[in-house]
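So that you can tell them apart, the chains are marked A, B, C and D in the order they are listed, and the count of residues begins at 1 in each.
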Amino acid sequence: MSRMTDTTARLLINCPDAPGIVSAVSSFLFSHGANITDLDQHATAPIGGTYFMRLELQTVAMDISREALEAAFEQEVAIRFQMNWQLTYAADRKRVAILVSKHDHAMMELLWRWSRGSLPCDIVAVISNHSDLREAVEGFGVPFHLVPVTAETKALAEATLEEKLVGVDLIVLARYMQILSADFTARWPHRIINIHHSFLPAFVGANPYQQAYDKGVKLIGATAHYVTADLDQGPIIEQDVERVSHRDEVGSLREMGQDVERQVLARAVRWHLEDRVLVHGTKTIVFS
Amino acid sequence: MSRMTDTTARLLINCPDAPGIVSAVSSFLFSHGANITDLDQHATAPIGGTYFMRLELQTVAMDISREALEAAFEQEVAIRFQMNWQLTYAADRKRVAILVSKHDHAMMELLWRWSRGSLPCDIVAVISNHSDLREAVEGFGVPFHLVPVTAETKALAEATLEEKLVGVDLIVLARYMQILSADFTARWPHRIINIHHSFLPAFVGANPYQQAYDKGVKLIGATAHYVTADLDQGPIIEQDVERVSHRDEVGSLREMGQDVERQVLARAVRWHLEDRVLVHGTKTIVFS
Amino acid sequence: MSRMTDTTARLLINCPDAPGIVSAVSSFLFSHGANITDLDQHATAPIGGTYFMRLELQTVAMDISREALEAAFEQEVAIRFQMNWQLTYAADRKRVAILVSKHDHAMMELLWRWSRGSLPCDIVAVISNHSDLREAVEGFGVPFHLVPVTAETKALAEATLEEKLVGVDLIVLARYMQILSADFTARWPHRIINIHHSFLPAFVGANPYQQAYDKGVKLIGATAHYVTADLDQGPIIEQDVERVSHRDEVGSLREMGQDVERQVLARAVRWHLEDRVLVHGTKTIVFS
Amino acid sequence: MSRMTDTTARLLINCPDAPGIVSAVSSFLFSHGANITDLDQHATAPIGGTYFMRLELQTVAMDISREALEAAFEQEVAIRFQMNWQLTYAADRKRVAILVSKHDHAMMELLWRWSRGSLPCDIVAVISNHSDLREAVEGFGVPFHLVPVTAETKALAEATLEEKLVGVDLIVLARYMQILSADFTARWPHRIINIHHSFLPAFVGANPYQQAYDKGVKLIGATAHYVTADLDQGPIIEQDVERVSHRDEVGSLREMGQDVERQVLARAVRWHLEDRVLVHGTKTIVFS
């Protein structure tokens, strides 16, 4: 897909489906000098469904300020169609924090892609309940915070997390082995991405590679999803699989699976950063 | 992707890229009661490229006839943007002829999908330079024509072909082992689809499975493309591959490859029938 | 993989792992003029596991009869290592019956591959609880039997099935929508192959495509497995997946999934026919 | 596949195909207390071909020294069958040097896997014709050598390379943008692995992503191969592909392709290190 530049804005919309939405939105934008360079839409049903739209705009020729544009859009278009909408700007990079425990592969993949400019965001912190990865993180020039968690200190630990997450737009659980409380996840709706090391809904819970080995599946997988209060059940963003055989032991499943996890998580995070992922109930719409 | 119904029309457009196209097209359609249910666009360059668009419309609430709509669109929109455009109707099923020699797998896959309603077209004839497959074809209730070809009779044979192809919208070469003349292919621009049994541009020409075996590749593939005067060089519509190993002989490569050919050709034909494939020079744009 | 000829025999062995097995087996075969052309082995644990072996032999130069060879192998090798073993001959084609209800895609794929010589077996019957597919089956020259099943007649129907299955080596459930009784499946251990239309263990039970749609997975799959008394839980032989998106409705998932089902079932049946699938508890070993 | 331990040895054999090889080899090993834990074989033709074999042995119970075993094997088995053979020990880790220019992705993937114990080798040096990657390399504790190359200094540069490569078992070209001379490659037969950023034999030479873009292929790929004097033509070890679309520009093809390159190169290097790759003329046999 094409690279975004700093003059790119993204308009995300959802509303009850109705005739005339494309016409209203595109005419509004055209009249203000915003050039549409990408447009995707999806209706959840032929009639009476919910309508989702994502546009990419070039704003160089725009005749009004951001604020004026947004106010005008609300008045002239959004109210009429009962739209939920947001306008984001590629120049406003999202602020990302990574939570991790001891496994480093998923975190390293993100840091490495970010360091070479492939993830359009600012990684502002890595937070872990163990200190093992401090050196690796700091080698990328990213602050590392140790926030230990025990059964007794869980509430306190989450409060500490929240402090360190002030100003963050996206939390990525890159194999963070703690379960976040329902209160915590409720404060970050569709803003926490987790990588689960199985092809969900198969093998929820602990030790999915052991479960996959015991079951004798011929493919193993990984799933990136938004985190909700319901463990391993949030809306799926991306999945992929790799072929395995009877020769593979749990250890080699884990090693091969880590490659899948890295790829799947990196794709999901990037799509989120580019505002390509829209949530509809328990499912996602991913505009390519 | 969603199934088309009989009230579905497809509008295909290409023109020099310019601001305001989406607005003009969608406003025109909305004002005439045509509801847009799918919309894809692609510009070949950020600035100064060619713009491609595909819309799916529901025409139930339209206030004018097809003819009036088309005339109005030409006057009110197309001229202004120098558009090449066409409007097709899902209810007007495309007429398809299959050309085949002796290998039956690609042809059978198409006939079988068509017989169960998965290919939205009328298969009006199968034409072969051998009589081997007559029975198999007629079992589907499709007329079979034998048009033998020799080096001496090639021009005559193509003339006979043309007679039998009157009224046909799409020709599918389902492993037809004759090379069509440049004159012939020029009369059917982007209306002949061929399945080549390799991952083009690797292994052009004859015996690609033997070539793949000799080269020792670890994946074999198949390519569906539009036919031009330049053998195996027309715009690629779809490709796929399958993993092979040193254990595979030419015969098993061929057998595995036939499965890939069947899938790749069936996808390409279906996308063509649904007007999803737009040609841009030597390449295609495939709107999903 | 290479094609078998009529002089090919396959020796399948399992026994407690111990040093010297390869040496004993290969020396025995060599001394009787049987040339080993393929050999695979697998031990389920580094020490103290179960050992599995599959050999392909060429029997042209053998100095004794089948019966004498088998008796000698039992005496000279098998007893010493406590082997379970069997020797099969490619020339003795397995007899296969297909059970089906109304969906024809999986059955048609098998009949079609078989009719062109790609499945090394004799398909001796197709049995269905509906008469819809009679004509399609008889077109291949294969006998079709109608054995209706209702809740009341289930036991009787299975008795009728058993009569029609006399002499059959393998039963393939090509989308047979009846659940076979535990008694029935117990009489056909590792000799019934079912195709389930999901990536097991996800989406067991009815309507897996609806379940996949509701869950919002990004890949759909199919699983071929041996049938046991435990529904959808028998040893998995083969699985594969296909990528889907939010655009896909249940109907298109089903249509795409049928392509995966056809491929997965065809592979599993072929591997079984070539004696490549060995069962170890609830899992399989598939020698390529 | 299973992890090797320090008591693992690998015996690689090729010889003219003949009856009795498995028997002779396995009986010899058994008689000396070497337990066979893995065995693969391949004959290039049903009759009169070349026979390839790879065995994994556990050497704990061996009754003689390495030297005595090798001498005995030569005398008792190898001469009789005219074998080329070698016996390697997992405990003797191969010494690897990486050659790289400015693109870091392939090199980083290898260093990163190696640093976490996933590549069984010693990476003894990274050598580059640019100094850009010095810091990244030294961060892994691996010596970095700058060996600049110009048209005039090419011969001298290769001499310097050879000095720095003394004692090295495997050279990996991880996007090294210099062409090695025929003399150089001839001194390292089947001991230089290159990653080419296309699905060979498509798109040999420079700028394969540009070539892929111009051609409009629907899949891009990468190929790991042994380097010979014939550029991009050496025996292929591993290949893989990724799906792309008309939306992708050269830049995004390159970025997606780098993920494929990383995976393909890492697999090829690991298989080489585990002695799984045997060369037969212009092709490879890869024992899984």
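Operating definition for what follows: contacts are C-beta pairs under 8 Å (C-beta built on N, C-alpha and C of every residue); 3 or more make two chains touch, one makes a residue touch a chain.
Predicted model only: the values in this text are computed from it and were never measured.
Enquirer: Hop across touching chains from chain A and tell me the fewest hops that reach chain C.
Expert: Tracing touching chains, the least step count from chain A to chain C comes to 1.
Enquirer: Which chain's C-alpha centroid is most distant from that of chain D?
Expert: Measuring from the centre of chain D, the most distant chain centre belongs to B.
Enquirer: How would the chain A/chain B interface be labelled, same or different, where same requires over half of its residue numbers to be shared?
Expert: At the contact between chain A and chain B, which are copies of one sequence, the residues are largely the same (over half shared).
Enquirer: Chain B to chain C: how many Å between their CA centres?
Expert: Chain centroid spacing, chain B to chain C, equals 37 Å.
Enquirer: Two or more other chains in contact with one residue: find those residues in chain C.
Expert: 2, 245, 247, 288
Enquirer: Looking at the complex, which residues from chain D come into contact with chain C?
Expert: Those residues of chain D that touch chain C are 2, 19-20, 22-23, 26-27, 29-30, 33, 35-41, 43, 46, 61, 288.
Enquirer: Looking at the complex, which residues from chain C come into contact with chain A?
Expert: For chain C paired with chain A, touching residues are 42, 199-203, 214-219, 221, 235-241, 245-247, 280, 282-286.
Enquirer: Inside the complex, what are the residues of chain C that reach chain B?
Expert: 1-3, 104-105, 108, 112, 116, 118, 139, 245, 247-249, 251-252, 255, 259, 263, 288
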